[in-house]
Structure formats: structure tokens, C-alpha cells
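Listed after this line are the structures, all set down as C-alpha cells.
In what follows, subunit A forms one complex with subunit B and a second complex with subunit C.
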Partner chain A sequence: MDLLASILYDTVYHAAPIILCVIGGVFAYQANVLNIALEGMMGIGAFASTLTVYFTNSLVLGLLAGVLAALIFGAIFSVMGVTLRGNVIIIGVALNLLVTAIAGFVMVRMNVANISLSSLNVSDLQIIIPGIDAIPILGPIVSGHPILTYVAFIGIWLMWVLSYRTKFGTYVRVVGENEDAAKSLGLKTNFYKIVAILIGALTCGLAGINLSTERLGLYTNGMTAGRGFVAIAAIYCGRGDPLKSSLYAILFGFARSLSINLAIYAGPASGLFDVIPYVVMVVVLLVVQVSKRRNVRTRGFANG
Partner chain B sequence: MKARTVGIRILNSLIPVLLAFVVGGVVIASIGENPVETYWILISKSLLTPKGFLTTLHYAAPLILTGLAIAVNFKAGIYNMGVEGSVLLGGFFAGIAGAYLPATLDPTMLKLLCLLVGIVCGMLYVVVPALLKAYFHVDEMVVTLMLNYALAKVLEFLSTGVFRDQGAGYVCTPTISDGAMFQRISSAKLTPFFFISLAAFVVMFFVMNHSKLGFEITAMGKNVEFADAMGMRVRRKIIVLMLISGALAGLAGAGYMLSDQYHYTLSFSGDPGLGWDGMLIALLGNHSPVGILIAAIFYAALKTGADNINLYSSVPKEIVTVIQGLIILFLAVKLLDERFGLRDRARKRISRRHSAAQTSAGVVSDNNAGEA
Partner chain C sequence: MQDFMNKKMSRRSFFGTSAAVATILGLAACGNSSTSDSGSSSSGDENKKKRIAVLCDDAGKNDNGYNQAAVEGAQKVGQDKGWEVKIVEPTNGVPDALESLGEDGYDIVFNMAYDFEALINGVGGAEPLASQYPDTEWVIFNDNPNKNDDGSVKHKNVIAVLYDLNESSFLAGALSVLVNENAETLFKGGDYSFTDPSTARACGFIGGTNSAGIVVFSYGYITGINYEAEKLGVTYDYYAKYDAGFTDSAGGATVAGTYYGNGANVVFGCAGSVGDGITSKAKEVGKLAIQVDGNKDDQQPGYVLTSVLKNTNVPVQTICDALDDGSLSSMDNLQDYSLASGATGLTDCTEIQKAITTDEGKAKWEEIWAEIEDLKGKVGSEIKVVNAQNGETFDPSTCPNVNIK
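Now for the complex of A and B:
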């Protein structure tokens, strides 16, 4: 029973930052902008928030700094990729590399190997819902998580509404599906693309804060460990639907949770369990792609 | 190619570099150091002394290979991020071969075997993403990125377990035998591996510039649907190109192992890693082999210079990584068009605005390389 509870708890725990990335990242996908800088936006959010809390001891300022830093990255991405029409893949790679470079530079200046918030007790940030936390199965899922984890799950619904029940969401998809048509309707396509990217930056910043400050009180370089790319894979699989994409993010969280919880029983091979989540994601991507292409009967390489 | 086109291409690579150095200089100045002095250390110690220059060439050897590995894929529109993984896998098993093969083998034979192991491993690593891309249209970028993380975990597992050197105080594999090591040519770090790398460069130069495959790479990069419609076997070409890339990257990893590292540690490829460096080099060199050769040497000079910055000034050497990131960022935007100058481009844009206003249907060019 304990094992089941901890698997469920860890599933939510590991899914949350990826869900946060996904629900914002879907907009760029819908607007037909390939944003592979999700990883970098998450990383810079994590770094900026931890650094700010380290110096100011204020969680609110940390939250603001994390979001702001991610938005700055989003703005750079927008200006270079949309306004100046640069190659978005290269910009994404550059931003991802810049995070570790900037953080490394600052940390060397500070003479530390990682930023650790000793004044912060992360278990204080966990919200324990009285009554529910005692219920088996439901308890570990719903109770005892930090606040941004709840934001992530509420955000799925919010972003679904924004995407499918507002004019803005429709316009973003129109821009993504056919930019020429959108332009002929008088839509400012660049505007919608940029806003889509910035929404992604905002939620990725939150994901970074969730990952570093809120859960561990710690920033180390490389702590995002490819979660941004997992989010991209989830978005691909869910084809830009916030709800479906989030389900794939939860699937990844589940795989990771399983690998961590079962590794205890695996003895010396436990190191290999870390591989499972990434392999699961590749397999899921393959399955989704195959089922999508089964209906395509036209000849040629590029169809589908 | 017209002289003007070449000139604009060179400028397109030079301007981002200069911009990045300016921004880096502002950062250096903001922490109270002298940027000119720092840059002078960077350049003089890595390019202007004989020993420094040979060290630079030594570091350039694997970078030429990873740069080519990236270029041969990116130019064809295949965004293979698995070069880093191929480097790691090739380097790891070249190191294992070097340590476990009988040391009594002929040294040349031993080195060749190790390099061969590296090449094969580098190719094996890209087989899965290549097949998925060619036959199922699974995005190669996401797959290779995922597999890079998975691979790093596997290699960590192997080097902490089965292949751990028990005598060492930290996690690493056993040191390769003396016969497998490339010996230094002079007092500087340069080893014969540099010439192997140069040989690979010559081969790739002819493949990319003077062969049918090279033409097909360009065609695929320009428009893969057209290439397919014209009867090119795109699927097979994707697999071939990714295998070539894997082989080059594997060779880079193996050579780096035999000429510099001698055993696999968890930071074998450095930060950000030889594969990622290769991406910058390929972009900087505009995917042309000669450009890549020059870019690799320039980049290796940054690497050598970074160590010297650490020795001779109080600026953290991470500043070089920042500059590298900025170079890539600025490279993403083509500031000057190859065919039109900035002026023509501006004029074109204005006239486009006019016509767009009149017909209310603007001329659009799709710049999203991602969905291709």
C-alpha cells in the first residue's frame, strides 16, 4: 500500500513541471512555431527564481523573477524567430545552451557549485488538505503538493478553455493552420505567434520555479534534464490539445515514478531504470505517429 | 559562386561573432574586468604562440568531425541532435576496446581497431532514430534528444558498474593501454589524430561538393517533397546521411578518447559537449566543409583560450560558453540576404507592404523550418 501511495504521489510530483511546460507550449505548436526553447525557458526560470530567493529570501520576488526571466527568453525567441524570421531551431538550441552558460558564470562568480536555499524548508510549501490526505489512493494524489503543482492541473482546464472557447485560441490555430489565409482576413499573424510563444514562456517559467525553488530549494545546472524536450514530445503526441498533451505528460510522470519507486528493489541494475521514461516517450511518439499515418494513403514521402 | 555571394556569406558568419564578442565584453566590463585585456589573452595564447596554436589544432581535430557530422544532416534538413550521443557511445566503447584488447597487439592495429569500434558504435546509435524518421515520420529531433538522455544514463550505469576502474578515486573506466594512445608529436598536445581528422575532412569535402550525394543533400535541404517527387529515394538517403553523421561523430569520440582523455569519465565530452560544439561550428561554417574547418579551428582557439583566461585573469572561463551561446543565437538570423543586400531587402519589404495594403493579401514566405 505504501508503495502504491508513493507511486501515485510521485506521478503527480514528476508530471507537474512537464504539464506546466505542455499547457503553455501547445500554443506555439498551434501557431505553427516550433519552440524547442521550452527547456531553456524552464531552466532560466528555475535559475532566476532560486537566485532571487537566495538573495532576498522572498518567495514572491522569486516567483516574479523566475517568470520575468522566462518571459525575457520568450521575447528574445519572438523577436529573433518571428519578427526577424530567424531559424527557430537554432534560436532554441542557443537559448538552451545559454542557460547553463549564464548560470555557470554567475555561480562561479558566487563561488558556489549550486545554489542551495538553506533558509527555506520546502516541506512548509506543501499544502496538506485536511481530511483528504488520510484517504488511501486519493490522498497522495490530491494532497501534500506545492502550490504550483495545483496550478499545473488547474491550468490544463484553463488553457483548454483559452484554446477552444475564446476568439484568441481560434485565431492562434488559424494562424498556425494557414498563415496566408489568416493574413487575408486581416489578422496580425506575428502578434498571435508572439503571444503564443510568450504564454509558453510564462508557464515554462512556472515549471522551472516548481522544479527548483518550490520542490527542492536548490538549483544545479542541468537539473531540467530534458523535461522541456519531453514536453515537446508530449505536445507532438497530443497534437497541440492541452488536455491530451497533458495526459502524455502524466504518462511520463508515471513512467518516471515507476522507475524511481521500483529501482529500490532492483539492486545493482537500478541505475538503468532512469532510462525507462525517455524510452517510453520515444515508443509513445512512434505509436502515435504510426496510428496517425495509417489513414494516409497518398503516395510520397512528405505526406502525413 | 559569385564573389559577392561569398563575401556576404562570410559577413553573415563574421557579424554574429563580433556581436557576441561585444555583448560578452559588456558582461566582462560589468564585473569590473577589462574586456580588451581578456580577449587579448584569449587570442594571443591560443593562436599567436606556436605551442598554443598546436594545442588549438589538437582540440580542433574532433570538432572538425562533429561539425561535418552536423552539417551533413542539417544541410539536408535532418535535425539530428544525436551527434552528441554518437560521440559519447563511440568514445566510450573505443575506450573499452583500448583497455580490454590485448596490449600485445601491434600499436597501429590496436588504434585502428579502437577507431573502428568507435565508428561502428556511432553509427549504431543513429540507426533507431534514422529508421523511425525514414519510415514512420517520427520527429528525429525529439527522438534523438530523448535517446541522448537515455544513453547518458546507460553509460553512467556501465561506468559505475561493469566497467568501473576500481583503482581510481572517482567514476571512470580503466585507462587505455599505451599502444592505443596517440602519442604527442611535439611538446604541444597535437597528435596524429589531427591528420586522421583532416583526411576525413578531405573525403567529406569531395562528397559534399563534388558527388551525386552532395547534390542530393542540397536538394533535400531545399525541398524534400520536390526531391521525392523527382524520384530521389528520400527514405534511403535519410538513413545513409544519418549513418554518415553517426560514423563521423563516432570517429570524433573515439579519437578524442585515444588522443586526449584516455578513459571515460562522466564529463567525457565536456560542457556543452563535442556534439553541441559541432552544431555551432556547422552553423558558423555555413554547412560548407571549408567553412567548417576554419570554424572548428576558431572554436578550438576559444576553448584553448578559455583555459588561459582562467589562468591569467580573474574572469570565469564560463564567459566563453556565454559567448558561444550568443554566437549561435545571432547566427540564427541571416542579417544579409545572399542575393539581395540589406538595402534591396528593405526596399522589397516596403513595396511588399504597399501591395499588401492594396490587395489586402500579403506575400508570405513560410519561415517555419520545423514542420518540414
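Now for the complex of A and C:
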């Protein structure tokens, strides 16, 4: 694979789980719930799916288990954070920490250091589209990825439609922008908040499955490695728009891919490339915030 | 008004939640220290039964390698000598766990974690744990911080254990080249897609962090590659990353993917969980990986060439024996375990041999293995390999047949 092809391929590789987190996570943002448990939801999805495939050898069951586990996390978050009005930061942190604890405990009981699916060869899960895979630039972007990666990209559009072309999407945003007004209209605000959180949990579960089972056939503790937080940053950069937020996720994937692929040519300076994604994030957040503030000031709500 | 109520409500529940979290954390802390305390029931004062403890690092006691070997070594000692053995997996940080073990008066504490500051120098103005608990013999691994600026020993009751990993990594490098050159013959009919050595010759190395404990592997590996490459009159590209971390297995897999994509047939991973991502990638692309610490050859059978071993049970046994026969106090504070001691080396490669099916391949493997056996005798005496853990520096110009990228 030449350099450009592998940069593009790895961009998609690293962007996919973040996109999956982002497209679901935007709903909680729109409903004005700060969901920092994306990381934990992704982690539990990864763990549950790999564990299930390990014992049952069934990818379908693994998929269901991963999604279900993430939804359970979403339900816990909803009940504690929305219904009981607990502090969402504390709940989120607890859920994030819970994953490594649960997974660590189970793996100790199983006497293993990681869950490795030796019966599965992940290259069999990659969908190679005949004809397209040979096209220079398009090939590595479009072909040779596992199915959830495609789901991620299709999901961007689906979630955009759900968000901006349905009644549900409008109501979620109404709840987020002005909860009292929503209540006065007779909307069940908690219901919309909970559904928004659960959509996020669902896609985070998929992100976890994509990251572990589907791409590596492996679960190692802490393998989400902050991707959930990157997703949160992407959501904030894109201000909750599935399309814009996903673009930031792709940007992050691209930066990550650059840092990995250029490292070969950069020798000892390769460490610098690893900084790229984070510098990009800080700059983007700064620019977004500055432009947002300028908007607010021109409209005359200086402290709004 | 409604809004105000909500605010008040959420503030109250915030405090409620924080209190709950604090309680849980508090309980967890108690749980931790009580595990450290337990198990000392039978140690009567008059009948002084020796007590040893193994403190695992983050990988835990079931890591199938580094920690597990030490734990099993200690348990064997416990059985043979009737000693009490305590295994601790710290949940509240290494210093706390070390302190409670010292407090409990264990005779030997094996600290597998790479965390020595509190023990050797003391943190937060506290006295070093080693001098707070002088009756405990502290054993640390992979580094020797127990010395003053002038090189003299700081604490008499601390033993630092180092492995000559440079020597075992050398063997891994030599084996990589020999296998790379003969991959076609060896693995004929197998599910592999090796890069033909005539188009590109390369090896990769991925380390968790840029420290002496990691680069020691890399330098040994380079020297081994160079040794065989020089014999064959060929040049190898060497791709290395020293900051892959220890947790992001998916990230490590992509890095390995770029090395494999650039013609490397073997990638040596030395980075905890990231190494597991590398073996997974090796399987995906049909190439080979090298693992580290324990025998992890069966992790992805047929795609892990070998593992560079750190047999932590050997020093555990030796040091406990020394305590038993009373020679511990005269033991050197720096214990260096060489290839010859059996504490480090390569696996017997039985897993990878299963992937060699043809008679021709088997004959070739015998040939390669004979060469490795031959090298085993030479490394350390005839062949000198730079040992970064002893502060030796590596000069790339000594390896002209390896082109370090």
C-alpha cells in the first residue's frame, strides 16, 4: 500500500468509532444533557461484544450483547441523571471507571490478561468491493472496511435526517434550548432527554464493537483510550450538528492517521506527529468558541 | 420559581451523589488495605514463619507473563518451604500498597510495578519506605534507582533485579532475519502473505515508552538483525516507535499495519496491551509478530514468531533461597540475570512450528534453530550487545546493515 492510500485508509479506520460515538452523542447535546459517559458506553460495548463472541462464537450475539450492554449503561445514566436529577458529571465519571473495573474483574476471574478471539480472523470481516478497491484514491476510502464502518458513515446522514427532518428531532432541540417552554407546550421533557441519551448509548455500543471485535478480534482493558472524550470534543466543535461534528471526527481520524503514517519518514521526531490531533482539537475549539462569541455579541446578547 | 426549585433540587442531589461516591471510594480504600492485612493469622511470634509478598503491576496477576511468573514462583516457594505468600494487586497506587506490606512486616516484598520513588527516595517529604521498614527486604525489577550519585548503594535492604534483555532480544533479531529470508520455504501452504525479501527487507519495533527498559529490547533487536544481515550481505530497514503507550491496542495495531505495509514481515511489540493489538494485526495481514515478557506464543497461534521472556520466577526463587539459607544479607544489591541463567531468553517456538507443515520447511526450521542455539552460546561472550539498562549508549554506526528510519 502506498503512503497516500494508507493515510486515507487509516483515516477512515480511526474516524469510524469516533463518528459512531458522535452521531448518537449529538442528541444528548441537543437535549442539553452533558453525557461524558460516551467513553464508558463505548468501552462496555467493546467488552460485552468480545466476551460474548469469545463464549458463543456468534458475531450476531456479540453485536446484540455489545449494544445491549451500552443501552444498560445508557439506562443507568438516564435514570440517575434525568429521572433522579443526579449530577451527570459524577454519574458519567462513575460509568467510565466502572468499565475497566468490570472488565478487569471478569478477566481476572477468567485468568486472562485480555480477551482474544483466536477463532476469528478480522480480515474476513472486511468488505472488499470488487472494482472499487483498485481505484487509487477512492479505493482505500470506500473499500476494505468492516460493516459497522459503513454503518457509521451512513449513520451521519440518518442522524441528520432524524435530527432536522423529524418531529422528534425538533422536540429534542426544543427541550435542550428551553426546557420550561417545552414543558409549557406539554412535552414530556424527561422522555426526550432519555431517548436522546439512549440513542447515544446505542451508537457508542456500536463504536465499541467496531473498535474491538470487528477490527481487532480483541479486547484489552482501557482500549477506548480517550476516544469517547474526543467524540465529546467533536460534538462541541460541531455544536451538535451530526454532519459538522462528524467532520471534526474525520479530521481527528486524519490527524491520527498522519501521525502514524508519517512517523516512518520522520524518524525520532515522530513523537511530534502524535501531538497533531490534540493541537487540532484545541485550535478548532478555540475558533468555534471565538466565532460563537462574536455571533452572540453582534446579536446584542453580550453576556448571554 | 420552578427553576429555582430545580436548581435547589439538583444541588441537593449533587451533594447526595458526591457523598455516595465518597463513601464508595472510602469503602474501596478500606477493602484494599484490609486485603493487605489479611492472611497473617497463622504467624505466631514465637514460631517465626517467613512471609513473602508479591506486588503486581497494572497488568495483574493473570497476565500470563511477567507478573504471573513471579506469583507462581512465590507460590512454589511457599509450598516448598511452608512460607506464607501474599499476592497484592494494588488498587490505591503502588506506594500505599508497599507501605502496608512494610507495616505488616513481610520478610521479602517483590515489587513488580515500575514505581520506586516512594520506596527509594520517599515522596511528599516522607522518609523512604526502605528506611522506614529496614527489616523488610525490598526487591525491585527492571531498573536500579537504588544508588547515590557516586554510585554507592543507597539502601542495603533493596535488591534491584535486571535482565540481560539485550541478549535475548539479539536472538529475536537474528531469528527474525532468518525467518524473513526463508519465509516462503518455511510457511509454504500456510495462510500468510509475506513480502518477498527481494523487494523489501524490513523489521519493526513498537515500544510503550521511551525508557531504558524499553530501548534495551530495541537495541538488542537491531544488533541481532545486523548480525545476520551482515552474514547474508543484505540491508534491513528498521521502523521503530517508542511512544505507543501501553493501552491503545487499536492504535498499536495501525502502527504495526504501516510497518507491515512497508514490507516488514516481523514486528516486535514491547508495549503491554498494545502488543496484543500488534499480534492481532499480524494475523489480519498474515505476517508475524514477536511478543514480550511471558510466553504469549499461543495468543494468535501461527502468527506469533516467539516471545522474549522475562522469567521473573527465577529471581524470586533465588532470592527466597538466599533468605532461607541466611545468605540474603550478603547478596549483591544489583542482581543481573543473563541469558545463561535461564531467566531471560526466547520461547521454544513450538507454536510457530505447528504452522510449518512441509518437510522442506521443517528441515529449514531445524537449520535456523541450530543457528540460534549456536548464537546462544556466543552472546555475552563472543558477541557483545549494548545494554541500555546499564546506561550503555547505542551507536547506530556499529550496525551498518540496519537502516534505522
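The rule we apply is simple: the second predicted complex is superposed on the first by the 293 of 304 C-alpha atoms of A that agree within 3 Å, B and C clash if a C-alpha of one lies under 4 Å from a C-alpha of the other, contacts with A are read in each partner's own complex, and residues count from 1 in each chain.
Keep this in mind: contacts are C-beta pairs under 8 Å (C-beta built on N, C-alpha and C of every residue); 3 or more make two chains touch, one makes a residue touch a chain.
Predicted model, so just to flag it, every value in this text is computed and none were measured.
Once the two complexes are overlaid through subunit A, subunit B and subunit C clash, as defined at the top of the document.
When both complexes are overlaid on chain A, the residue A:282 reaches subunit B alone and has no touch with subunit C. Of the two partner chains placed around the shared chain by superposition, neither subunit B nor subunit C is touched by A:291. Once the two complexes are laid over each other on the shared chain, residue contacts for A:104 go to subunit B and to subunit C alike. Contacts of A:261 after superposition on the shared chain: subunit C is touched, whereas subunit B is not.
When both complexes are overlaid on chain A, the residue A:236 reaches subunit B alone and has no touch with subunit C.
Of the two partner chains placed by the overlay, subunit B and subunit C both lie in contact with A:85. Residue contacts after overlaying the shared chain place A:217 against subunit C, while subunit B stays out of touching range.
Contact with neither subunit B nor subunit C is seen for A:119 once the two complexes are overlaid on the shared chain. Shared interface residues of subunit A (contacting subunit B in one complex, subunit C in the other): 80, 84-87, 90-91, 94, 104, 108, 180, 225, 271, 274.
On the subunit B side of its complex with subunit A, the touching residues are 27, 31, 79, 128, 132, 136-139, 141-143, 145-150, 153-154, 156-157, 160-161, 224-225, 228-229, 234-235, 271-272, 276, 279, 283, 316, 318-319, 321-322, 324-326, 328-329, 331-334, 356, 360-362, 364, 366-371.
Against subunit B, in their complex, subunit A makes its touches with residues 32-34, 36, 76, 80-81, 84-91, 93-95, 97-98, 100-102, 104-105, 108-109, 179-180, 183-184, 186, 225-226, 229-230, 232-233, 236, 268-269, 271-272, 274-275, 278-279, 281-282, 285-286, 289-290, 293, 300-302, 304.
Against subunit A, the residues of subunit C that register as touching in their complex are 2-3, 6, 9-10, 13-14, 16-18, 21, 59-65, 89, 210, 239, 241-243, 245, 247-251, 253-255, 257-259, 261-262, 273, 276-277, 279-281, 283-286, 299-301, 404-405. Residues of subunit A that touch subunit C in their complex: 1, 6, 10, 13-14, 17, 80, 84-87, 90-91, 94, 104, 107-108, 110-114, 116, 118, 121-123, 180, 211-212, 215-218, 220-223, 225, 256-257, 260-261, 263-265, 267, 270-271, 274.
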